[in-house]
Structures are given as C-alpha cells and as structure tokens.
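This is the structure I want to talk about, given as structure tokens.
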Amino acid sequence: MAIKAMGRRTRPPAAEVSEGTWIEVAALDKRYQPRRSAPTQALVDINLTVRRGEFISVVGPSGCGKTTLLKILAGLSPKSAGTVRIAGREVTKPLPEVGMVFQAPTLLPWRTIFDNVMVPAEIQKLDPARHRERAQQLLDMVGLTGFERKYPHELSGGMQQRAGICRALVHDPAVLLMDEPFGALDAMTREYMNVELLRIWRESGQTVVLVTHSIPEAVFLSDRVVVLSQRPGRIAEIVPIDLERPRDLGVMSSDRAGVYVDRIRAHFNAASVID
Amino acid sequence: MAIKAMGRRTRPPAAEVSEGTWIEVAALDKRYQPRRSAPTQALVDINLTVRRGEFISVVGPSGCGKTTLLKILAGLSPKSAGTVRIAGREVTKPLPEVGMVFQAPTLLPWRTIFDNVMVPAEIQKLDPARHRERAQQLLDMVGLTGFERKYPHELSGGMQQRAGICRALVHDPAVLLMDEPFGALDAMTREYMNVELLRIWRESGQTVVLVTHSIPEAVFLSDRVVVLSQRPGRIAEIVPIDLERPRDLGVMSSDRAGVYVDRIRAHFNAASVID
Amino acid sequence: MATTEVVGGARTPAPEKPTRRRLDLRERPQLWLVPAVFVVVVLAWEYGTELFSVDEYVLPRPSQIFDALGRQLGDGLFWSHLWVTSREALLGFLIGVGAAVLLGTFISQVKVVEATLMPYIVAFQTVPKVALAPLFVLWFGFGLTSKVVMAAVISFFPMLVNVIEGLRAADADRIQMLTVFGAGRAQIFRMVRLPTALPFIFAGLDIGIVFAILGAVVGEFIGAKEGLGYLLLQTNYNFDISGMFAVLVVLSVMGLVAHFVIRLLQRRLAFWAEDTRVIGA
Amino acid sequence: MATTEVVGGARTPAPEKPTRRRLDLRERPQLWLVPAVFVVVVLAWEYGTELFSVDEYVLPRPSQIFDALGRQLGDGLFWSHLWVTSREALLGFLIGVGAAVLLGTFISQVKVVEATLMPYIVAFQTVPKVALAPLFVLWFGFGLTSKVVMAAVISFFPMLVNVIEGLRAADADRIQMLTVFGAGRAQIFRMVRLPTALPFIFAGLDIGIVFAILGAVVGEFIGAKEGLGYLLLQTNYNFDISGMFAVLVVLSVMGLVAHFVIRLLQRRLAFWAEDTRVIGA
Amino acid sequence: GGSGDDAGAEQGAPAKLTFAIASAVIGPKEEVAVFAVAKELGYFEEEKLTVETINTDGSVAALQAVASGSGDVTAADTGSILGATEKNVPVKAIGGLVQNWPWVIAVKPGSTIAGGGDLKGKKIGVISLASGSAPYARAFVAEAGLDPAKDVELLPVGVGAQAAAALNDGKVDALALYTQAYTVIENAGTTLTYLDNPDVFDGIRSLSFAVGARTLEEKRDVYTRFLRASYKAMLFSAKNPEAAMRIGYKVFPQILAGKQADAQIATDTKVLTAWLKTATPTTGTPEQWGDWGAISDQEWAKTQAYTKQAGQITGDVELGKVWEPGLLGAANQFDKAAVVDKAAGYTAK
C-alpha cells in the first residue's frame, strides 16, 4: 500500500538556517510549579540539534521528562529557561507544520474515527478530497479498515492508538513528534508499523522525533538515539546509529544493531531504574 | 523491599470447586451491539480453566478481544453466550476478591496519588492503618516515593500506570486481572516490575490473568500463555511454560524460553497481523 | 441500551436477552407509571378536597378545573391568548438564550471580560425583574416588546451561567491536541469546547425555556391586554379559581412540551454522552 | 496560574517570568477594570440622564439613588428589612437546593423515577409561582413560611436540572474502575458522580441563590409587612423611585455577595478543574 | 403611546389618545362605564377621538405612563396624583371620577365587631401594606380613638379569594377593601357585614382623571373632548348599568374569560353598579346630576390631609400644581337628556 507524500507545506525557514539545525534546543530547563504541591524539575540543560529529515529517538526511564521535551518542542508547554527553535523560529506556540502522536490517544468522542483522523486537515483547511483519500489510505495501512464510521469508545486501546497515528500523519507534517506511538500494540503489529513508518518517513523526508520505550525500536528506526537520564532528565548520551538505509527488520538481528542496543541499555542499568 | 500478603479475603468457594477450576470459562461468546453502528464479534467460543494460584498470560494481536475477555472476567461487561465462573460462582457482577489493572490508568483527578491507591481499601472498608502502610510500600516499590501527595495530572504516563498497579494490589486481591499493566514503562522498569510482580504473586498465592503485548514477558511470568487469534478472538493455542520457579531474568536468555517465545510468535506471523 | 455496557453496582445483567428498543412496558415502565401517577394524584386531589370540604377558591377540584378547561378551550379567544404568550415566551427565550450563548462564549474566552462583566451581570440578575417590570413597560411599551424583554432577561442568566461553566469544562488534553494541529480559538471552540459544553447548555436550555414562559406571564401581569398571564389575572379577578387553574394547566403543558423538545434535541445532538453512559450504575 | 500549562491559541507564553500569585494589576486587570467600568457606567448614567433630561420617575440618576441609599442605610428599620429578606432567601435557598440535591440524586440513580417524576416537576415548574403566590399565602400563611416556600420553589428547579445532568456526566471508565473494586451505588456516587457533578452543582447554586433572593422578594410583594420586597412596594407606592432603586442596589449587592461566596467555595472544592484548566486557549 | 398627533392643537381636529387603565385587569369599573360605553356608543367618535387602552399595574404605574407619554390620560388614585405631583412627576388632575369614599371595613355576619372601637386587638386584612387600603384601615382605627400602630395588626391579604379565605378561616377579623371588591366576594357566596364609615371620609376623593402636565396646554381641547365623552358614558352607565355591562363584554370580551355573557351578566352588573355608586352623587337620579367631574377646594383639602396622614405626601401640594379645573366647563356641555333617553331604551345587540 503506497501512501504518497502530499508535498511539504513548510514555510521557508525564518533566518538562514542550515540543514544541520532544523530543530535547535539549547540549555533547555523545565521546572513544573504546581500551585498546590512541590515543584518538579523535569529537564535540565538539554542541548540538541536535529537536522532536516533526520529521525531521532528519545529513550529514558519512565518519568524522566520525555513527554515534557516533546510538549515543549510542540509549543504546548512553556519552558523555564533556554531556547527552542524549529526552522529558525523560536517556538512560543504550536507550529502548523508539526504533527504529533500523543501518549494517550486523545480522540474526540463525538467524532467517528474517520473524522478524528481528518481533524488536522480540517483545522488547516486543506483540500478535503485529497486528504480524505489519504486518511482512508492511512486507516487501511494501520488495519482500521471497516472502523471508519465507529466512535472511539467502540475501539480497543491499540486501535485508538493507531487512529491517533493516522491523525498525526494525515496532513503530512514536516516535523513529526511521536510520544510512544506503539506502546499499546502487540509486537507484530508494532514491527509492521515500524516498517511502515520508516517507509513514510523515507518517502516524505519528514523530521521525526520519536519517544519510545523500546530500545531495539529506537535503534532500528533512528539516525540518532538521545538517551535521557533519570528525573530530572539530562542528556546522558546521544548515540548515532550507523546502520545503512533502507533498513529492514533483518538488520535488528545483526551484531552491529545489538551493540547499539547494549550500549543504550547500559545507561539504564547504570541508573538502576528504581532504587 | 518486602510487601507482605494481607491474608486472603476470598469467600469459600460456592460449590465443591477443585483447585483445578478456579476460573472457568466455557463456550464464551461476545458480540458488541452498538446502537449506531454495525455489531462487532469480539470473542468466539473461548474455553479456559485457570487453577487457583496459577499465572496466566493472554497475548494476541491488537483488537482481538483481550480487554473484552478481562472485562467479562471482571464482571464489567455482559457476555453474549457461554458461562464464566470464578470460585464456582457465575460471574454476573464484579466480585470483591478481584483486583484489576486497566489498560488506561483511570485515576481520579480529585484524589492524590496516595488516595487513588487507597480506593479499593476504602471501598471495601479494610483496616485503614494496615492498608495505608501497604499502599506506601507499594508506591515505594514502583518508584513513586515522593509523589504520594501529587495529583494524577502531575505525573507522567508511566507513573500513572504504576499508580494503577499499586491500586490493583493494595487490597491483596485473590484474583488479579491486569490489562497491559507495563505498556507505558521503559524496558528496564518493566523488567524490574516483572520481577516484583512475580515475587508478590509467589508470596501471596494470587491467581493472575495478565494481558500483555510482550511475548517474552508472558513467557517469563506465566504458567500458561493463552494465544488469541485475530478478531474475532478465538483461542489459537494455550502454551504451558515449563520453566522452573522461582525464575529470574536470566531464564529469558535460556534456549527453552526462546523456544516458547518463537512458538508463540509463530502464531502472530501466521496471522499476518495487518493485511 | 447503550454500547458501553457496564454491569452496574448491584444489578444483574441479562446477557442472554438481546437488547432491542421496543415499546415494552417492562423495559420502559414509565409508559404506564406516568399515567398511573397522574390518575392517583388526580383522584387523591378530587376526593381529598371533597373529604376535607376544601372550598373551590382555596383549591378547586380536578373535575372543576377540567370543566373550566373545556370551557376555555372552546373559546376562540383562549387560543389567541395562548398564541400571544407562546410567541412572547419563544421570542424571549431565543433572544435571552442567544444573548447568553454569545456573551457566555465571549466571557469564557477572555478571562478579563469575565472578571469585569460577571459582577455586573450577577448584580443585574438579583434585581427583581418583577419590581422593574413597571419600568420595563415604560421603557419598552405595553406591547409585545416588554414581555419579550422580560422573558429574555429571565431566561438569560441560567443559560449564561451554564454556558460559561460548560465552555470551561473542556478537557485540557483535547485542547492541547487541537492546538498542536494549529487550531485557533474558534476551531477549539467548535471542535472541543462546544461539544463538551452541550450537557451544560441543554441543562441551561431546559431551565431557560421554563423561565421564559414564566417571564412572559409575569410581563403580562404588569400590563397586558392579552395572553395567558393576563387571563390568569382576569380569572383570578373574576373569582374564577377553577378557570385560573385551567390556565395553569395549559401553562404546564406548554412547559412540558418545550422540555421534551429540548430533551429530544439533546439526545440527537449529544448522543455520545448517551452511548458512553453506564447502565444501571 | 494553573499547572497544566498550555500555550494557548495565539498567546505567547512568558516562560522567563516565574509564575507568582500577587495582587498585580497587570496580571489581574479586573482589579482596576471592575471599578473603572463602574465609574464609567455611573458617569454615563448620571450625565446621560441629565443630557436627555430623563425624569427621575423614568430612571433616577445615580446621585439621586445614592442620596436615597444613604438615607435608607441610616434608618434602623432598613436593616431589619434587609435581615428579613436575607433570612427568607437563605432559608428558601437551603431548602430548595437541598430538596433539589436529594431529589436529583434519587432521580438520577433510578431511571424509572426520572421518567415518572420529571414530567410532573417540569409541569409544576412552568406554573408561574407569582400566580400561585396568593395561594401560597393561603396555604402557608402571611409570615415567613410563604416567602421561604416561594424562594425554595423558585431556586429548586435550576438546581434540580443541573444536579441530574451533573450526576449523569460521570465517566463510564471511572465507574467501571470503582465497580471492579466492589463499590456500591453509594460509593460510586460519593467517589465519582458527585465530584464530576460539582461544576454543574455550582452552576446550579449560582443560579439558585440569585433566584432565591428573587423568590423572597416576590413573596413579599404578595403579602408582607417587612422585607426589601415590601420596601420596594412602599417606595414605589410613595413615588419614591430613587428610594426604590436604592433598594434594588442593595438587592444587587446581596446577590453579588452570595455569588462570590459560591464561587469561592467552588474554587476550594472543585480545585482540580482549575488545575487542569488550559491557560489562554 | 398615542399622543403623537399634533393636530390636537387645532380645535376639534381628529386626535388619537391612549387611556391607561390603572389596573392590570379589565373589570366592571371605569374601563367599562367610561371607555367601553363611550367607544361603543360613538361618544369618542362624535368628538373625533380615537381612543385605545393600555393596562398598567396600578395607579402609580398609570401615572408614570401618562407622565412619560406612554399614555395620555388615566383615572388614577387622587392620593397618588398628589404624591406624584409632590415628587415633581409632571401629571395633573383634570376632572374627578370616583367621588364617594370607596373603602369600607367588612366583618363576618354575627361578628362581635360592630364599630371601630371593637377592633382593638384584632387583625385587619388589607390588600397590601403598600396600597390605599392600609392607610384607610389605620385612619379608620385612629378615628375610633385607637392607636393604629399598637391596637390592631394589619395583614396583607390581597383581594378576592385570598381575602375571603383569610376572613373565613379566621386569619383576620375584618377586611379593609373597596366596595366593588366586596361585591366580587359576595358574588362568590360569602356574606359580609359592613361597618359604617365615619364622616371624616366623606369628600376624600378616590379616582380622578389625570394627564401629563407637559402636554396639557397643547392638548387642552382634546382632553376636554375626552372628558365630555367620558362623562356622557358615565351618565349612560348610571342610567342603564346592565346595558353598559353588555357593552363592556362586547368591547372587552376578555372580561368573560371564556364564560357565557348571560351567565355572568347579573353578577357583573352588580359589581358595576357598586362601582358606579361610588362614582356618582349619592342623591338624586341620573337625570338630575350635573357638574360632572367637579372637585371642590374643600374636597381637595380633605384629600390632601388624608394623603399626608397616609404618608404618600409629606407636605402640602399647591392646588394649582395638581389640579386644572378649567376643562370641566366645556366638558359638561352635552345633551344630558339625550344620553339618558338612549340609555333607558338601550338593548344591546
């Protein structure tokens, strides 16, 4: 099944931005200050540059600040200090060229699955006919054929999550932020979705930041893997994955992939996740 | 860290029930009949008996009916045909000796994490002092020390899920139903939680039915793994895991474990998860 | 039966019986309970008043009210009174509720506006409209307008409070989701806030229509030549207490019809709430 | 500022500035906007009425109202009127709202009860209480009771509708969760339904208290020896329109105070809604 | 409002007027005896007047209406007119209407109360404490030598059913209502005994015609014509109340509220007659009456004194400010015999 790129709708970069710094995070700090309880330092001194078209994964122990980082990139959460730029623009509010898969599916209960998937296209007033077609292709791809007219509560958890993935892809965003998009899927569906994602990414040239709990998944998909330390999240290491592309699942049984997986896993063991 | 069993509060079995048939599912059929859309056949002819104290895992592709099965066992969803018994009693409504971890954390936003964990104890009017102590031990075990007084929205996805696990364990239920309890956890935390769960189970003698997407996890934890086929879910195979207990994570690198994993995985490949 | 099937608290599900929607007296006992209650109440009233020999002018009996009702329904003038009041109430309702939705939307969107305007709105609301009514009449004349204004003013506030509260109830995660995809205020409003607010809005509509009818009637009390409120005064003045109760019965029926129309709309428009509602719990 | 921080629609966050709660005029512009609006309205009113030479009996000027207010506040009798009406309104409010909560709880728990009772409640609600007021007086006497009943009856319905709608709004998943852990109806009610209903309930309280004051005043219109409603009639009868407006001002202030008390309670009791509320979106 | 017609400045030119009925309902009272009859019999037409009615909620509202121009002319309580004038509300009385004191105290037949003195320690039902009936009850009690503040208790009981019930149930010992309200109560089957009013009440004026003071000069002619038509109608009604009542049904079908005219005519005529009695001289026959609408200075003085006692005015109101008797001369110029003849032989179609 072929899902075509829709043609980038990214505005030209604000300043002279080299391809080397499409997303730029510098000295980022994030501290939550709830009104009724103690503050939480979520992220400390995050520095990261992502090239245009790069595929980055972020891994780290639960509660280390991965979602927080993604929300700041998405312009959903204010930072406490530092700079965040996408395409040369300071991120102060969500940018239309960004698509996001949320950790929880967050579908609208008053819309059918199909209409949920169409939300970004509707918001951005994109050509309905073409995007309806694309929405259908995406739903077919993730195995939700026949569920287009159902309402979210009639779907299983994994099916809802897949619908959320379709929604993030429907407007063919230039930057794709994904927060554990495959967490509710079985191993096989997950591998299949990995392969499909990689294909879409290759064809459309998106810049992807993926949060995942699966180290092999991160290695298989990414150009680089950002390993965050335990809360408060700091960058423990950025591991470049030097496996040739295009990759297929076979590559994961290779020794080189195994070396990467072990190297990343070592960070986790060192941190002794839960005391 | 030692979490003691609180002593079973299971009523004596209704009839003469042998230890061999603690949970009994026979010819179970489930069909959803939404008012506004086409019906969905979720489960077909499920037959399963679980012994007292047994650890069962259920695996199967996304949308095959795992959650549905668990909800029927929990007495939350009416079946369309067949019989379901726990401890010799027909399940027509939730039984107090059952604890459940939901696929979504479902914490109450108006309660602190600690008070959320205490919900089952409060409902069943169990001795507050002892159960507060146990709640704290469980929270410490899952690494939520210091977050007891926070509200759910101040926690990360994985932290919320861990709170949900504590809640299911706090009243030391005789039967534990878990719907992908570790889905939002990173690999290391997940392994740690697997080990802890196994320890609690061994010490308390609970009967556990666990839905999981991780085949290695299922193999590591279970006495038997129930493999469901694609929707509509039928039992493709029930695989007895003949690995000696107590098990540690090392067992997973053994060849025998690998054989089980491959055997279960074969079912998924055969089904070719998404067309 | 709804889709999210939950076996509630202490209720036993009946999984064998396929769920069908039928005019089944066992499944919808209200179909006989409502008339039954009606008959019981009417009989108790009838024979209670007879037993304690309550005078007609203190509390007329159902049979007397029924007679008076029959008399009035046969009178062409009555229908024109009915039409006048219905029109006033409906117009007032539409204006009041419309204004409440507009202002409520505005208020709930701009925090400063709420903090600034709300005290004035509440202050204005607590002014008894009945006391102001003579001035309303001075300002808006003795015709339709003053009654419509009265109905509008009185149905405005319940709606406003509910609109504001409802538009605020939206889930933060859903708004975040839309925001990421570039939604502006208007789109967030349409796609999330409004649907979330629907239960509140329908509660407001339900209260609002009832109060609009009351407002029209009260407006007629102050200065009118026609309408059911006028008829109430007139029957009361004529010592025709049964006739007055007959008018009250007609007003009740008006309110009931409006209520059911609104509930029907609610079931149509806010269907998902029905679908995910828990059965019997 | 709330905890779930969302950068809203078109607003720029100010991440550099640490969020502090201060009586800062820039952060809480209502602190000067409310008085400013007040001054503007009063001035416009004062000079508008002068400019168009509006007569006092059509619309008195703020200065005249203020004079009358000063005169009345200096009168010991006025405070006893105020006390009488406050007591009637408060008692009526407590009774009406209490009955609405009880009945609403019952109704929302038992489907049949709702279907059976609701038509009668709506029918009763559409009966203009003002028309019934003379009968109220016949039934409940000339003293406190008839006014309290009036206030209770009129604040009952908005509360009832909101309680029913609110208790229904509970999330099915949360109820399932409690059910699994063995919760009965009462526990589900306390742990999920009630908290979910709080925003609805507070909307109902807000409407209810305003209507309770109105009800007490209207009750006094029909037959009273004291109270602000009586004072309204008296001032009107004496053509003391400024005095009448002064009473209306006092009623407004009563309503405002009640409103703010309820909103304060809401912020205390339904804090999580505040916390997860989205900023500026 | 209906006063937009400037042609009124010209003598005898057609004009439109709005008559504000000082009551929220239409009943067998001034709107029947004056308005309906004048309209139906063409008295307004003869004067080239087109008159419409509005209902206002009592005298105060009616006066506000004419002062603000929503209405042109009303028949309002004279005390209220005085009160309005004192508060600088631009209204002026132009002719009297109800001349005999309409308020009276009633008790149950067989009651021990036979005079004002017996009211000590009793409860008196008044319409409302902010209505003409409360000051009347106080004045009545004071006249009997009692202290109205201490010796009696006033209870607001409204009119009609509620008042009747209050008396019947013993919640009050006496009622202080106007005559016509009693007729309604008696029609409903309650019999009453009335106490005699002391002489002090003689000559205190009740309803009078009032208009907006600002338009008075400009519309003098129109108002004169209105008064003339009104007094003609009064004469007709006094001569033949039943015919007047039937005309009332025709012009205001809402009086019947769905009932049959023939079933109601007897009782309604009684009520109208009671009203007419208060609005016409106590002596003589209609044929002999003249000087319609006159209010003597002495009557004004008594009314002022009473109004002051009731608290509706605080000082004396200059007579010239409240009373414009200059229209009455022309208003009385009509053929009284013709009206009486027409009334005597009139049968409604």
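As written, the chains take the letters A, B, C, D and E, and residue 1 is the first residue of each chain.
The criterion applied here is as follows: a residue touches a chain if its C-beta (ideal position, glycine included) is under 8 Å from a C-beta of that chain, and two chains touch if they have at least 3 such contacts.
It should be emphasised that the depicted structure is a prediction, and the values quoted were computed from it without experimental measurement.
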{"item": "Type of chain A:chain B copy interface by residue overlap (half), same or different", "value": "same"}
{"item": "Which two chains share the largest set of C-beta contact pairs", "value": "C-D"}
{"item": "Where chain B and chain E are represented by their mean Cα positions, the distance between them in whole Å", "value": "86"}
{"item": "Mean-CA-position distance for chain D and chain A (Å)", "value": "47"}
{"item": "Centre-of-Cα separation between chain B and chain A, whole angstrom", "value": "29"}
{"item": "Two or more partner chains touched - positions in chain C", "value": "3-4, 6-10, 58, 134, 138, 172, 176, 179, 183, 221, 236, 271, 275-276"}
{"item": "Chain E, residues touching no fewer than two other chains", "value": "60, 64, 68, 160-161, 165"}
{"item": "Chain A, residues touching no fewer than two other chains", "value": "32, 34, 36, 75-76, 93-94, 104, 151, 153-154"}
{"item": "Residues of chain B defined as touching chain A within the complex", "value": "32, 34, 36-37, 40, 59-63, 66-68, 103-104, 141-143, 149-151, 154-159, 162, 180, 183-190, 192, 213-215, 265, 268-269, 271, 273-275"}
{"item": "Contact footprint of chain E on chain D as seen in their complex", "value": "55-58, 134-135, 137-138, 141-142, 221-225, 230, 233-234, 236-241"}
{"item": "Chain A to chain C touching residues, read off their complex", "value": "71, 74-76, 93-96, 98-100, 102, 104, 106, 108-110, 119-120, 123-124, 151, 153-154, 171"}
{"item": "Contacting residues of chain D [partner chain B, same complex]", "value": "3-4, 173-174, 176-183, 187, 191-192, 195, 270-272, 275-276"}
{"item": "Chain E to chain C touching residues, read off their complex", "value": "1, 24-27, 53-57, 60-61, 64-65, 68, 70, 159-161, 164-165, 168, 184-185, 187-188, 253-255, 257-259"}
